[in-house]
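Chain IDs A, B and C follow the sequence of writing; residue 1 opens each chain.
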Amino acid sequence: MSLQDYKGVFVFAQQVDGVINGVSFELIGKGKELAADLGTEVTAVILGDGVKSLADELAAYGADKVIVVDDPVLKEYTTEPYTHAIHKIIEKHKPEVFLYGATAIGRDLAPRVSARATTGLTADCTKLEVDPDNKKLRMTRPAFGGNIMATIICPDHTPQMATVRPGVMKKAAKNPSAKANVEEFHPGFEKNNKYVEVTEVIKKVSDKVDIMDAKILVSGGRGVGAKENFKMLEELAEVLGGEVSSSRASVDAGWTEKEQQVGQTGKTVRPNVYFAIGISGAIQHLAGMEESDIIIAINKDEYAPIFDVADFGIVGDLHKIVPALTQKLKEERAKRDA
Amino acid sequence: MKIIVCIKQVPDTNEVKLDPVTGTLIRDGVPSIINPDDKAGLEAALSLKDSLGAEVSVITMGPPQADAVLREAMAMGADNAYLVTDRAFGGADTLATSTTLAAALRKMEYDLIITGRQAIDGDTAQVGPQISEHLDIPNVSYAEDIKVEGNTVIVKRQYEDRYHTVKVQMPCLVTALGEMNTPRYMTPGGINDAYKVKKVTVWGRSDLEVADGEIGLKGSPTKVAQSFPKSVKPAGQKVTLDADEAADYIIEKLKEKYVL
Amino acid sequence: MDFTLSKEHEMARTLFRDFAQNEVKPLAQEVDETEEFPKETVEKMKKLGFLGIPIPKEYGGQGCDSLTYAMCVEELAKVCGTTSVIVSAHTSLGAEPIRKFGTEEQKQKYLVPLANGTKLGAFGLTEPGAGTDAAGQQTKAVLDGDEYIINGSKIFITNGKEADIYVIFAMTDKSKGTKGISAFIIEKGTPGFTFGTKEKKMGIRGSATYELIFTDCRIPKENLLGKEGKGFGIAMTTLDGGRIGIASQALGLAAGALETTIAYVKERKQFGRSIAKFQNTQFQLADMATKVEAARALVYRAAIAKDTQKRYSVEAAMAKLYAAEVAMEVTTKAVQLHGGYGYTREYDVERMMRDAKITEIYEGTSEVQRMVISGSLL
């Protein structure tokens, strides 16, 4: 069979506990653009236990077709049955492109699939486009902690596979009335040496809004100095209706939670306003926030690299500026409400 | 128990700087280190050796200079070291790399293989899971903790919002997160032994049973079409202000941008 | 002649540097300020084998050469003079004489715990009336059956009170002058062995410097180190080695001050540009760097000579004399290049300058080194 026989853009629609991960919709959005350039359709693949009802939601975000693999063995993510299901779908449908979210699941599943299907995989892409000349996928990703961008191609193997960083691609507009064209698929699951047992699931309790969904982020770094000083950032976030995020240094110091971490090894965010407070701006941090619409940096070190990406940089003492700003914003609000 | 840790020599990216004029990487004089996630994996293996007794081997694929990271691993306490090196392996993407390493691993005995989750110069997180596929063994990625009980490995598997406790039969492969532990220092005597007593076994193309089409550039489905420095956005305004002035300045800008 | 370091020496330097930067530097200012002995750091160094670097493996040491040991002291001194002298006094002065002159029994009993770091070592030669003139020992040891009875006192003893095992010197036969001096191993806790007051010092303030007092202190006869009357030779040989440790410390202080200053001048701006752009700064740094490198060459040569030559007194004396004077000069210049800030305790160079001074004084003043060197010439 020749490469030309491979058709269609497939995306892995990740769900956990019956909730579809936002990156899945982003992939469908991007997948639609690519499918248009390739003159084909976008198919979402959803795996789990009791997940059929989620198909319409995938259609609402633009999936032309949804393949559902529904089996109790897929209740919690484990590598082998998920790999098996995806591999069997590839064998059956022969997609030319297969996209995954660069999540803790996608970054485990996709490589195992690539080795089983003997094809290439490009990790953590921030840009995907179709080469108009040969209709091949051009996959662009950061390398060296974000210093260099590399465009990768997979010219002679299919499917061309990529994982895509959450928060980078845009979702398509939602059409709530869309109904999915569903195919149920049964790859057949047989237990083998590669099956593992999940003996415990421990969810991290959090009442915080996901920082990737926040419109305004108040982010603190090493310069904040202490866990209790984050109170001041929370107050500022509250008056602005935003959320508190942080650099890796703050997470490592135990001042903030891992889920609040912005950057290469944390989350990629693109809020309307990003306050970088006491964050020096290591390249790994910048990689996670520089697409923000407006970046405001407060740092006492006038040479901090954060000022290179900030739209508005203030050299000064954050411990004085932040409370002053919060106070004045409260006064503004009182004036407006009056 | 026999544990093999796959490690990679990487440039210390904390020290990689950009040329302010050309925007390209300055790699001259940048020290090479053991990839941090791999080093955490090595520490996990050495801790298992301390607590349960194990033979710990390290393996790397790379240029001859990668000998240095193997010596460092032995100076930390690894027992044996293997260097997979040949021009024929050059230009490999993750699939060709994992195929080559798997071919080397097939020559060895193992109960547990540990790799780092990802390397700081590539950040792909692919080679570990791919090796396990080639070897037809189970894998668990993103390990925050690794315990051994009898013939099973108990892994605390990290996700964005949760952990799984995963029980997996040996032989298996686990990919380690850098935050799992703080790797031990070498010892002066360990360094002495690493160079004067212990040996690095070197394997080239002819030592591995693998097809020509599966290794190096030829065995790599992905190719780099282009690489370029990231576009830099022009710097914004920078002002030095006292607290009151700064607060007024920020509010003024937020109003200008219609945030307030 | 080969001036390139071997790969294992390069790797050892990386280890010492990482340890110094991560574990020692963050505490250096506090150790100086509080004058408290850095017990936790010593505990960490024990675990990593830093307290037995040049001692053979069969005695619990690391089995490395003297150059590796010198590099350890150098890297520690780059960030903390106190920590470097603890290692140096323990290794060169506490453990080394037992390694070189001890009986097999003494080695098993005392060298092994010193080398693996479970016990800390010290050395007591100096007395109120016997500094540079070490032959003027007043402390006496009298054999009484199976025991020696020691009476007298030692001053300025590094690692005093913190150390468990002391090599000390006493007159067994006053009539014979230097030939009447003998060396002994004494354990802390021996009845009659007490400590006087702790010295308050200009620099290396976290190192414990105490007076040792012996009042009818009885020690078993087996604790005589070497033969009776051979103590002076043991002391002088030990100091030859000790000087390499102090020379390494001086080298480290100079190199550390240079590194700190290079970073500072790139940041500090005056007249609208970084002071690194001024030719005065550049030329000062050039001189400092050249002297540091010359000191390093002498120190490393002396360390290699210790392992390869029968006698290395002159090499050690030259290394210590030069490195100590370079340490004083470079740290002084470092403070000058820092300007007013350099005179404050906010900046490390202030401490480095105070720490440097002692290297011209202890384990033989610069004048003593000149005596040793000129003695070999004439």
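Criterion: contacts are C-beta pairs under 8 Å (C-beta built on N, C-alpha and C of every residue); 3 or more make two chains touch, one makes a residue touch a chain.
Keep in mind that what you see is a predicted model, and the values were worked out from it rather than measured.
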Request  = Determine which of the two chain pairs, A-B or B-C, is joined by the larger number of C-beta pairs in contact.
outcome  = A-B
Inquiry  = So, comparing C-alpha centroids, which chain is the farthest one from chain B?
reply    = C
Most central chain, judged by mean C-alpha position against the global CA mean = B
Distance from chain C to chain A - Cα centre to Cα centre, in angstrom = 56
Task = Determine the centre-to-centre distance between chain A and chain B, using the mean Cα coordinates as centres, and give it in whole Å.
result = 22
Key: Between chain C and chain B, distance of the C-alpha-averaged centres to the nearest whole Å   = 40
Ask   = Which residues of chain B touch chain A in the complex?
value = 13, 16, 18, 24-25, 93-95, 98, 120-130, 132-134, 136-142, 154, 158-169, 172, 220-230, 232-233, 235-244, 246-251, 253-254, 257, 259-260
Key: chain C to chain B touching residues, read off their complex   = 6-8, 11-12, 14-15, 18-19, 48-50, 53, 57, 61-64, 68, 72
Ask   = For chain A, which residues are in contact with chain B within the complex?
value = 16, 76-80, 83, 103-105, 107-108, 110-112, 114-116, 118-124, 138, 142-157, 193-204, 206, 216, 259, 264, 272-273, 290, 293-296, 298, 302, 307-317, 320-321, 323-325, 327-329, 332
Remark   = Per the touch rule above, chain B residues touching chain C in the complex are 31, 68, 71-72, 75, 185-192, 194-196
